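Look at the two complexes coming up: chain A is in both, with chain B in one and chain C in the other.
Entry: the complex of A and B
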């Protein structure tokens, strides 16, 4: 799905309810129990993200952004409450189905890029495609497209360990979008980038938005407060949505 | 249709990963090669010796009749032989004359065995043992069949295949080598010289009506026990040893030695498995992150386990092939120096036994299982634990 025009900032719940919801979270709690102590990382979270929407989860370290992102990605399971992604209760899916679902529908971009340093850019981008059952030719094509989109094609043969921070993050973007996911989740994506590279990242994010991707970014970087494309900011504090 | 590695994304990714982390794998492979080398080296030696013993015993007579006085074997007279012949079921009774001949005073000695070549069975056994031996020319006299070590010693010390024996009466007996025993029988024949019985009598000055012992066969298996009992009653000091007794003794001896070695290997393998387990369960943070990342990128637990299984299979197979290959060269080409001494005992005096290459598929499978099961377990269990419990690792 490609977007035809900018819709402006999306804030109102009434407006989002009329749209096709990609993420629907209701009364979500996440508690960590170490035996003697219980820590509540997320408390009574309810949130919806519409298809093609860009949501910025904003908050200081420890506010629960990353935990919420991990639950949306199916990497963590809630203690209670419901999480629907693309209409599916992902927390209830068995591992194999959940992994396939994640591989196909969700692309993840991490703060520390999480590249395999000894592999080339091209090979890194192909990692999520390997278990998905694509043929070698299909993988080749999808990897090339993703690298093109993320402006990293010129470094395709270079080992990831030899890239600059910005190039690493662009490789991570290519890897996240290579399988063609509807949702892109970013965890502190600009935390290790300088201003120029952060701006390049946002430019690429804008291209994804134009392509109709649903984007959720967990960040405390003020650069996301004024994006060149419409977005909704959700403030988090102490495991709760405050705004 | 042939599927190359490049056509299979999973295999391509597997080998990319292995190649990229070759330093990490090289360490594990090196350690594994040592374990496989030791394990298969020991197994090869054991199996080769066992094969040699069984090969040699298979052409041995069914029974040996000796007389033992004061724990010393004394000569058997014709009278005893006649009584043995009278026992129903006894066939192919044959005298043997043997003794150790010292070629260096108080030093090196060889076992000289005299065989009665007028007996057909002696011819058969020797012909079986030394294929291609011309018995007729051997019988013309002045000839001997020798073990490999004897042949080597003769070449080194006499520039040829002749040797002059000196009898207790001071006479010279010159013999020429007509054949060498095969490597399979080396464990018994390595230091042995077989000569016609009359020549042996001369060398050891043994009377015409005496022999060192007698051998005989009992074709009917069910008669073995009763024949044995009757043979033991021929002389008050008789000792009757059957081929099965010898087999049992050797089996017991080897089972005992193998037991000790296997116990030691169990300890080594346990230590090895513990090292691996510790290594993979502490799985350094990069490995944890690697697994977490794969999970975050859509790899299921079974995908991760499949990758790690194949990676381990590669490491196990490569180290197994290298270890077994090195052990083969060490045992069958170099003669297993040190190990053979440990196995046979340094005081045995027969430590340069020729080891015949014997590779049994069951043996190789046993080595592979003994080595690979703890390996797989110690790698895959911690990987599985991490895959199951910590898919968030990539985000930490």
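Entry: the complex of A and C
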């Protein structure tokens, strides 16, 4: 893949080429048609993310960060261009394969958590594990580990609707990491958190980084500019990578 | 003609067939474009658009089949109901023979159903792979399916619009009855040989499925289908009707016989279609269709069991055979 100044890679060509690429995006476009107009949400995006790397997609609202993240997660499909995750062209997979792939390889943390308010924390974390074919004992073990990592075990039986914002976010983290995905994608994870909870989130993110997870965060929160672990910032504006 | 077309079942049936054909026409038009432009390895906007449309086409075809599948027994039910309007007809057999379109129509319906089953089978395994390795094959097959559906619709309309309610047709006793000295059975078989062949072919079919001997399964199941037609009409049917002179493939689908004909013919055709589609699927690299074959064997077993049960029941009740 040809390297250029807009590919979001600041490590240098040789170093990047030696590393195992988990995400490889090339010449990506995402256009939305509303009948009379075509809006280009993403324009000629090329980006690679190495295994175990933490990438911060930084940009204001409307810069295309969330759209790019959704395409990486397989929740949206590009208009053109290739998206390889763990070597699979996920933009081309049929829906049933995409769901299976996403369940196995990708954990997603949403801005508004997307929890099932009437279920307990434990049940929310269990949800992605049930269709994956794990036994009850395996689910129990994986759920406990994930809640422990996300520091939410003490609220396991509480209904998600009764949690605070920070607790909901930690439940969302536990749910995302419970299946043991290699990749964790976070969409504006601190947008609805106060400073204290945002710092707790960063701390958990650090633990995931130490465990070797590949992390991509879409955010405009300046707290991500000074992470306590190595990360790479990719600036986006008007659907393009600018730095 | 009017009373035939305006009969409720006929009107519902023809309207349903027309709607299904129209849905498939749309799928056909899109399918042609897919076939000519498809390039799965491409990441161009056009290919992404084609993949979305491919999913739409598959959904339409599957839905069309879901509607069409019950239309085959409904067709049989409809022509059976029409026997009250067609002079001389006592069941669907007489109505089918009312003009020259009937038997070809029945044959095309069975072939169309089989082609749909084949398409569904290939589509299933194509989607399982994730990169559509058999996309072109199933697109070409769909062209054949649509052609058959179009021919079927034309035959449907021709058949129902050419039933003359003023001209008597033959009833099943005339169609399937025996003149003295005549042997309707194939290969000059008598009844005992027919039954021996019937049960032998059944056992060979099921046995060859158990040991995955595909070529034998293909041969024995096809022969079994052929022999079963004669066995049901000229032997087992007489025990269903409990009358040695009543030979008819249609009457057993009437209420008086508890609609058992639908089970008899449904399990026979369903079992054969399942075997055929699984054998075709296993010609695709890396595909194993053991579950489909086993299910088909189960259907054929039910078929044999139901047929045999009528003979056993008659013997138990009367102490003699017909």
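FYI, the second predicted complex is superposed on the first by the 229 of 243 C-alpha atoms of A that agree within 3 Å, B and C clash if a C-alpha of one lies under 4 Å from a C-alpha of the other, contacts with A are read in each partner's own complex, and residues count from 1 in each chain.
The rule is simple: contacts are C-beta pairs under 8 Å (C-beta built on N, C-alpha and C of every residue); 3 or more make two chains touch, one makes a residue touch a chain.
Remember, predicted model here, so these are calculated numbers, not experimental data.
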Check your understanding: Once chain A from each complex is brought into register, does chain C clash with chain B or fit beside it?
Key -> fit
Revision key, fill the gap. Once aligned on A, the angle formed at the Cα centre of chain A by those of chain B and chain C, in degrees rounded to the nearest 10, is 40
Review point. Is A:96 touching the first partner chain B, the second partner chain C, both, or neither of them?
Key: both
Practice item. Pick one for A:70: touches chain B only (first), chain C only (second), both, or neither. Key: first
Review point. So, A:151: does it touch chain B (first), chain C (second), both, or neither?
Key: neither
**Study point:** First (chain B), second (chain C), both or neither touched by A:78
**Key:** second
Practice item. Scan A:128 for contacts with chain B and chain C and give back first, second, both or neither. Key: first
Study note, to complete from the structure: Once both structures are superposed, the least CA distance from chain B to chain C in Å comes to 10
Practice item. Pick out the shared contact residues on chain A: the ones touching chain B in one complex and chain C in the other. Key: 95-96
Revision key, fill the gap. Listed in rising order, the residues of chain C that touch chain A in the complex are 40, 43-45, 48, 51-52, 55, 127, 130-132
Exercise for review: Provide the residue numbers of chain A that touch chain B in the complex, in ascending order.
Suggested key: 66, 69-70, 73, 75-76, 95-96, 98-100, 102-104, 106, 108, 110, 114, 116, 118-119, 123, 126-132, 134-136, 139, 175, 179, 187
Check your understanding: Which part of chain A faces chain C closely enough to touch in the complex?
Key -> 26-27, 29, 77-82, 89, 91-97
Exercise for review: Provide the residue numbers of chain B that touch chain A in the complex, in ascending order.
Suggested key: 6-10, 12-13, 16-17, 20-21, 289-290, 293-303, 391-392, 394-395
